[in-house]
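Both of the next two complexes hold chain A, though its partner changes from chain B to chain C.
Up next, the complex of A and B:
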């Protein structure tokens, strides 16, 4: 009995002084969020290239507007420019720190806005290797954290999704501490905890002396050997977008 | 002729010297062959491969087409878990909770990429401009009875579920686990997926004893292949016991039995070494090689031993003398029969089914080694063992009389027997053409295999096991959203649904209709494909955005949305019907759709359906070559062109008789049976060789006329032929107990053919020998003394 008390005392003492891996992980995630704080809004064009294992490709091009919110998750508006038959199709998403996101879609063919009520964020985004949950705003509240290791300026943190409907058991995220905690690489583990995909970021550029943005996202699916490449261009941080630009009316306008 | 005589004298001398050498250096020979057998065995490595792909050669066009389809979409193998609750209703809270649980657990299956069940079915509904997409039954434990009832109604109306995941009554349901194997190791299925699934099922049954669970699908098929290989391998032990008993009965000598056992064991050890050296992965057809080698190798030893013991018992030879004499008399016949058997097995390489290449090559190698050990290890061992015999002639006399009277019976009425035989053979040959190919792979397994009974249950109570897939192209990127394409695809889907063989159709047009309806507030009148390409494309984009992990459309549409996959589930139909159905679908597409939409039907079942035909086509050449080669060997061995030609009749007709009787028995033949012609030819030719050589010897050496020569042949080789036939029948009878039809059918027809061959060699062959000899009796007789037969006993 005495021994147990002693052990607890020691453990408690250690706990006071040393940070747990969980705390360290959360701290890193918060630092990353902090580092990217204040971009207000951005507009960027992107080209998505889908590749199957035989090297056959298929392209889509879209543009994304993002509005930074502090209290709740960011808002985003995506407009498809190609392929031709979906040109003008737009999605408007309100990410929430807690609970499912809200999502609307504008379909120019019928000129209507549809609200998608679904908890599913784990499916592939327009047939690509990116799930919607990989692309949506990365709110700190959406994961549990555990610091794993550091390697020079690189810090690896395990993130466990809070959403039970997530397609992943965990993600291993590699942050670069010296470069504003930008993310260099993410490994995704599927529900049975096998390595499913790896996302690597490259061509980072510093905008406004604060915000690191990668020019290329490369997602490789290790199980299907398919691959999706995202090429970003024309970052614009000076558009000064407001809530008005992320309304259902704005969604309709964007698609026309 | 002098040259020939020299050769035969030389071969006699060679055999004698060989025997003398072996006896003199018996210990050296024994140790040498032991080292050889052990050395080869040490390279042995028996790995099993249960993947059904092994049945198809790399160049198999059906396999290529199927692989191409899987490359375009997703390559998937599956496990179907079929659940039957005892209350006969899936839609109770407890049952749905259990299914939801098992579905969640199924995601943990190694290499799984998708799990489809009734609970996680993505149900789409619409209220005004709100689109709801969600699991049909999520967090079922919180549902009310009314909600459960509404889930039931939705499910039983859902074309994607009924007859695929649930039956029409809602009493049986399936969970389909799609597995994407990296294919890096043969252990992926037997070592990882199968144990996991079995555990999963056991745990589930323990927790929910009110459910019956059955498993089927391509992964269990692979497992069944794998396990039947192992089971057939185990038949070796049974065969070994039979070898011991048979040898003991026939030789009535314990040392002979031990020596035979050593020879067959050495042969099998060497063959195992061959398997390891060649890197062969064993499959159900090739896993029977030990039994094959046992069966065929034991005959060599028995011939040599029986002669030796006869010489000691009847003719008063001492042990060494008898051994040398037996070697002198048997060396050439054993060599010739080994050679023809090896040729027969090697012809399997002409076929299109790799496991039979392996079987042919392993057995051929084993037979070569059996010949070597029978002529080295066997005499060495017999020289070492203290063999003693008593002379007893009475029993032999009785036997000789029996065979002699059969001979006398035949020589009295050669014309009559020939006519009767030919009529029977002709009738059975006609019947033989009535056999049809059937390679339904489910029926490869008999009812003692759980995979078979589970699969039968599924096809009786839930859905079909066989399918055909068509990849329908649109000719342009994004073209699957073209209304004309969708309209034609829809027509194809409707046409398929009208076909009597069809149980379920899964086509992209159904998705287009469903989403269109949802886009119009679930109005049934919009359950049709959209009118414009933009609508279709945008609806699809919306629908895809709302699907969860693993339940996407990537298995149904290709990357650039230019093609979509139609999967047709069929009733249990046999191979010809399967091929006909697939072609009917292809024909419909050709006649009713633009060129881009034409497609070939593909599926594993279709690959198997065509396998028998493909194998038969490719084996034809091999069989003709085997027949020519073996006839040539016979001509050389008999030193008689005419008799060599004549031998074709008793060598070919048993196969016709075999397939004729088979038509009365089953009338359905599979890929495994295609190989029997070449294989049995190599085996049954022995009978002919022995009988004809004795016949010729009697005429040439003893100056008998044809009738006397036939009686002489009966007297001298009658017993030996019956003996070897019994051994062969025993071996193939053991194989015929295999639960795997490629092996058991092949073994059964081989038993029929071997029996047929013996009867033909006892009835038709002597009759023909008498009839043909009459016409040219003078020329034969004048030549008779010049020749000495090398094929003597």
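Up next, the complex of A and C:
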């Protein structure tokens, strides 16, 4: 009898603590968020190379400022430096953990700030293979999770977007547990659940002894055979940016 | 004009010199850019008035220089403009911007010639009053002359407050004898007088409060000074007497951004001894994005325009409806097209327009514009003069 009780107790305890795949997936996503907590703000320059299926390339350069917020999503300010006809065109984005993001566009030729809809998730960012949703702040609340497999230090988690306007049914994200849960690779599945794109991160460097940042993002579209390469340079975590650097006045200044 | 600019340059550099001493970061960035533009405008209907031409080849130069230091919180910004055209009045130059700016935590100060844009609607820009319109440069009124100012901007948790001191008024230029889009009489800008005894040196002020919260972007503004739009008054002999009245103008601009819809409203109330004006423009912009995963966005724009001046409204938009569509291809060349039409609800008058642009290679851009005046009613006081002035404009710009 005693043994039976013990057995039940053990079974019950296991039952309580046995993690479902969903729980494990969420736990990994949270661990990744936790590992990157406290960067406060960053400035980085970015070169974007667009390749079509014949290998012809075109380039654009941007500068991105990010402000970390804990209770709500991050704020970011993106400024275009080239091609020259769009130089100074800038966007200011307030991401929200729940609900649509707030976004403003600055048009330097007529000095106009225009609030724009952030409804367009799946559309291409400036003709590239990156969709808007691929480049927006990755908040834990924006996905449902399911742990799939582990392979050494690599953990694969399926992420299902909460937003019905997303262009994906799911993403398979490969985290590296031993390197601060940095992301090594993402496979994107389109609305018909066929493999659309693969994003691989390389040239990782550790900043401030805590924050892993990749020097290169390579997005390959398997359906169109087009490719977009992002090269990040001059990461600056010491700018101590504040909310004032993410105002509409700051947006106009950035694009002037 | 020349000595004013010299004065402004002096003021800017003394400000900049003063702040140089206090700066803590020694890295200075500067950047020079140049745009060269060739333009061809073709008016395909016979001119209504003698001397008016059909073909207008033109070119323009836009140099731009920025110098910033103190991590970008202090800067000097310059943007020049020169246009050479068949119409002597359209041949003109301007300093669009030349100002010193200092930003610190929640405030910003700008001193010099600057461009300020207010407003949300697409078919009409009622609230936007700080700068004089460069009326010979473009038909849509979006090109502006540099305005001398001191601007102080303060951001708070409950909105942004902007104060403007505007020490000098700039007159609007009208097309010359060879030019299209003009009246039978040629209006020499120097013949347009001022109501104010101080004339262009009347010291004007403006204020704007703006706030973005949740899905709302709101702006409330007031301007007191020389009006930007001249008034045309006829005496008993039929002569035109034109002048810039002293006006008080209160403006409201409001946008509500809800999913793919932008709901927009602009309204002004303008009072002067000669005339009171109430006007508003309201409507929506709805975007269907990434149609069938093509990357193409199609925006639909609908706006209603009201102006209680009736036929004396200089922009001729007294009771009209605008419908338009903006198509962004989101391709590597940034191809975009804006098609629209303004229709008068009280007469047969319509104005149709197409604006398209596309980047060529890495440093060139081509633009195409068409404006078509259709069934313009002879009762239209202003527009009837333009009824044969439908045109095509083709532009190529090289960026350095």
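Rule of thumb we're sticking to: the second predicted complex is superposed on the first by the 240 of 256 C-alpha atoms of A that agree within 3 Å, B and C clash if a C-alpha of one lies under 4 Å from a C-alpha of the other, contacts with A are read in each partner's own complex, and residues count from 1 in each chain.
FYI, a residue touches a chain if its C-beta (ideal position, glycine included) is under 8 Å from a C-beta of that chain, and two chains touch if they have at least 3 such contacts.
Note that this is a predicted model, so its numbers are computed, not measured.
After superposition onto chain A, the modelled positions of chain B and chain C overlap sterically. Once the two complexes are overlaid on the shared chain, A:102 sits against chain C while remaining clear of chain B. In the superposition on chain A, contact is made by A:249 with chain C only, not with chain B. Looking at the shared chain after the overlay, A:119 reaches both chain B and chain C. In the superposed model, A:167 lies in contact with both chain B and chain C. Of the two partner chains placed by superposition, chain B and chain C are both touched by A:83. In the superposed pair of complexes, A:144 makes contact with neither chain B nor chain C. Once the two complexes are laid over each other on the shared chain, residue contacts for A:91 go to chain B alone; chain C is not touched. When the two complexes are superposed via chain A, 330-338 is the only one of 78-86, 186-194, 330-338 or 384-392 in chain C with C-alpha atoms clashing against chain B. Where the contact sets of chain A with chain B and with chain C meet, they give residues 50, 52, 58, 83-86, 110, 112-117, 119-120, 122-124, 126-127, 167, 190. The part of chain B that touches chain A in the complex is made up of residues 71-72, 74, 107-113, 122, 129-134, 180, 182, 477-478, 481, 519, 532-539, 541-542, 544-554, 557-561. By the touch criterion stated above, chain C contacts chain A in their complex at residues 33, 66, 71-72, 75, 77, 101, 103, 105-106, 108, 115-117, 119-120, 142-144, 153, 155, 160, 210, 212, 217, 255, 257, 259-262, 287, 289-290, 293, 295, 297, 330-334, 359, 362-363, 365, 397, 399-400. Across the complex, chain A meets chain C through its residues 50, 52, 58-59, 82-87, 100, 102, 104, 110-117, 119-120, 122-124, 126-127, 167, 190, 239, 242, 244, 247-250, 253-254, 256. Note for the complex: chain A touches chain B at residues 50-54, 56-58, 80, 83-86, 89, 91, 103, 105, 107-110, 112-127, 131-132, 165-167, 190-192, 194, 223-224, 226.
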